[in-house]
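Structure provided below as structure tokens; questions to follow.
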Amino acid sequence: MSTFQRRAHEILEAAPEGDRVSRALDYFIIALILLNTAALILSTVRPIYAMAPALFQYLELVSVSIFVVEYLLRIWACTVEPRYAHPVYGRLRFALSPLLLIDLLAIVPFFLPLLGLEDLRFLRAVRLLARAARLGRYFRGIRTLGTVISSRGYELLTVVLVLAVMLVLASALMYFAEHQAQPDAFASIPEAMWWSVITLTTVGYGDVSPVTSLGKIMAGVIAIMGIGMFALPAGILGSGFLEEIQRRNRGPQVCPHCGGELED
Amino acid sequence: MSTFQRRAHEILEAAPEGDRVSRALDYFIIALILLNTAALILSTVRPIYAMAPALFQYLELVSVSIFVVEYLLRIWACTVEPRYAHPVYGRLRFALSPLLLIDLLAIVPFFLPLLGLEDLRFLRAVRLLARAARLGRYFRGIRTLGTVISSRGYELLTVVLVLAVMLVLASALMYFAEHQAQPDAFASIPEAMWWSVITLTTVGYGDVSPVTSLGKIMAGVIAIMGIGMFALPAGILGSGFLEEIQRRNRGPQVCPHCGGELED
Amino acid sequence: MSTFQRRAHEILEAAPEGDRVSRALDYFIIALILLNTAALILSTVRPIYAMAPALFQYLELVSVSIFVVEYLLRIWACTVEPRYAHPVYGRLRFALSPLLLIDLLAIVPFFLPLLGLEDLRFLRAVRLLARAARLGRYFRGIRTLGTVISSRGYELLTVVLVLAVMLVLASALMYFAEHQAQPDAFASIPEAMWWSVITLTTVGYGDVSPVTSLGKIMAGVIAIMGIGMFALPAGILGSGFLEEIQRRNRGPQVCPHCGGELED
Amino acid sequence: MSTFQRRAHEILEAAPEGDRVSRALDYFIIALILLNTAALILSTVRPIYAMAPALFQYLELVSVSIFVVEYLLRIWACTVEPRYAHPVYGRLRFALSPLLLIDLLAIVPFFLPLLGLEDLRFLRAVRLLARAARLGRYFRGIRTLGTVISSRGYELLTVVLVLAVMLVLASALMYFAEHQAQPDAFASIPEAMWWSVITLTTVGYGDVSPVTSLGKIMAGVIAIMGIGMFALPAGILGSGFLEEIQRRNRGPQVCPHCGGELED
């Protein structure tokens, strides 16, 4: 029995070099997730869904069945690893690890409607997010995003806190300036935040913009001083992500002449 | 008496390690400011305010009372510090320090309407700004913004001066190109500045845009050459802010040659 | 014969120092491509095209004839180079090299209509792209773009993969939030991608924007966290391009310890 | 006579330390230019101009008179400098130096209408530009912009050349995709360039945007790959400008422990 378990564990985890069966299963699961995600996307295009609704439902049924079997096999085989060795508590701790919770989230939304829960839109969104996160198990590029978010956690948190204060201040100032002229668009400070976010990220749809002179002057000052601050979280994520890719892409740099390591 | 004053001073200033009473007061004041700010924001949402207008007024009354007591206690206790030791002039100089002026600004707007001054909108904006600034006393992240603005003062001032010149030039050029075709949107050079700010920050609401060929060509050249300049103040603030966060997050840097500590 | 071939080869390739004939031909071809491109652009301006339609067709006929002769001469003369020495296979391999394929693409669209293929719009686009790429043979600045794209291939590919995942997720979330309120703009996940691209690049036309509260909150979070990621491919291209220009503009860099030349 | 000339020359050029008369004249000229520019801006605001049209004309007359006297005095006194010593050719070469040409451009537009030339709009734009450039004689911040543009000339030129090619390609592709669906907005390739500039700078007014599926897909790819390239000229100017400010603001950096210069 232990041999079966060990082999199952090897096959289910990301393939070691040269293990063809394990690698084949990885590719199969990746293909299934991609197919499934494509189906979920295409099923929202009415003419395509109308062509073969049964096909979309059948594909979902089949892939969820496979995901369930895979999930149960993982739980069954995890006791091979010393830290999850206990047949009950080990398996429980394994089931509560982040990767397994994501696996569970990719399965559960399928069964909730059977229990009477019917908000399909929300369940579909969760399903899609969970399956995209599952891809991270296999693609380093996607997983890197998670690494970057947690390694820059302190910076992101501080910046987001300050942005929240700036957002409230900008919204309050614009509310006080524009409320009388545009009682709908600037109905309250929380509603004025929509203007603040769209302006400070420089998206600028134009659905809400100041019309009074005071509002325009304040909007100009807020935009010039604030857009760099709102570019920070995205910039931290982006530059951290790029650094990670480049670090993996090359070894440490050395001077080709003296062989000494260069600090980059 | 002096012992009371010393203890009051200790409790009111940011808590030293291990002083539980001082720390508790800090948390209480922070909670009060946050609650107060949330109330100010929510009171602009008509249905929420309509539910309990008395509650919002009562909350404001209570918190201003606490802020007044806190403010007076600070003034009373400040003579403990050697540089504010003189009972009259010391207290006066202390009352004129930036932090205490901000504390005052957070209180005064409540009393002005009693004196017949009635522009509530403006007073509310001042109140909100002053209370957000007060939070900076307790949160390093927010205070850092102030540090960055003053440490980059020379760069910011030079850039803002040049931006003002560019803004005038861009507005004048577009006014001369578009005034005849759009006498409303480009009614004068000052009004054309709205176009310049919204274009050069790349917000681009679309409420004002050139329609003549000359105007479009000039707008394109202005946009390509100018948007980087208008990103500078926000970029200076943003990068300075990020540097500050990272400097605090890691240890001091050393010179690679002699091992001595470097200031940056 | 071999002397003619050698001379033809010398003249056709980018001019060596001091070879006046070769340089003159280079300038002639560059002028022809620029003239041709200008003609293609101007021919889309109806009043200009209407003035002299025959002129535009004649110019195209003449330049394609010259390009054909140039192309055939290159094929004929390439056997001078040792690696393309074989009269049949050498020429075939030469004809399949990227530069020659681009040359072919600049010619072929002229002949396809004669074969009954009639989608002129698509052919004109191909012709224009191929001729712009041909200019890269002569202008380092344009060729640099190609160098940068291939040298940063790994980064670009990883980033584009992650962007695709983010694009799908953002579109799906907004589809679930806005589909009921705006069944046209957010008709399906693929159609919601238009919103995602235009928002995450901060272009923000305003033709599609969320109207529900949930949609606005999600759009704000997506914009703040995502715009930096979508700025990455363009930023990688841009910074790589700038580095290339600057590297060429200054001398090679040396290791500060041993004085040897460094590659970067 | 020579003493008068020497003194006039000293007073007219930027003030040396401690020369009070020269410094006073500098301040007077700066104030006059600022006043004049403010008047030009305000004169476009109809209600303000209507209040006192004579005042604006009188101010212009007085300041042009002063500028003319200043200009003639500079020409008369320049022979003090050895390189402009020749009474005729020296003065001519001095009059053709960039700074003097700018001084001339700030004067000439006033006299052209007297000669029958009447395009006041264009003349006013020239006058404004020339006077803003004159300010650069006195403010380092503004003059720095000129220094940066010429020191980064090679990069700017290469980038602008490549942008021109990208602009043509993007416009052509969108023209071919959108011309049939929007024959007005995408009437020709030159007119499609308006879309390209506004999209690639991420301004995104929304007055022109693709409506076909092909157009939207191409616009998305163009935006993601191209916006970084179009941010380059502005970024080069901006970062160069900031470097210049910071270089002037601090001396060379040294390690505070060993006194060795650090490379920055």
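Per-chain numbering from 1; labels A, B, C and D assigned in written order.
Definition applied: a contact is a pair of C-beta atoms (placed from the backbone, for glycine too) under 8 Å apart; a residue touches a chain by one contact, two chains touch by 3 or more.
Computed from a predicted model, the values in this text were never measured in an experiment.
Note on C-D: across the candidates B-D, B-C or A-D, the interface recurring with over half of the contact pairs conserved by residue number is B-D.
For chain B, the chain whose average C-alpha position is most distant is C.
By number of C-beta pairs in contact, A-B leads when A-D and A-B are compared. Homomeric contact chain A/chain C is classed as different-residue, with under half of its interface positions used by both copies. Chain A and chain D have Cα centroids separated by 46 Å. Computed from the mean C-alpha positions, the centre of chain A lies at a distance of 33 Å from the centre of chain B. Multi-chain contact residues, meaning those touching two or more other chains, occur in chain B at positions 202-206, 231, 235-236.
Partner chain C is touched in their complex by these residues of chain A: 37, 40-42, 44-46, 121-122, 124-125, 128-129, 132, 135, 139, 141-142, 144-145, 163, 193-194, 197-198, 201-207, 230-231, 233-239, 241-242, 245-246, 249, 253, 255-258, 260, 262. Across the complex, chain B meets chain D through its residues 154-155, 158-159, 161-162, 165, 168-169, 172-173, 175-176, 179, 187-191, 199, 202-206, 209, 216, 219-220, 223-229, 231-232, 235-236, 255, 257-258, 260-263. Remark: chain C residues 202-206 touch chain B in the complex.
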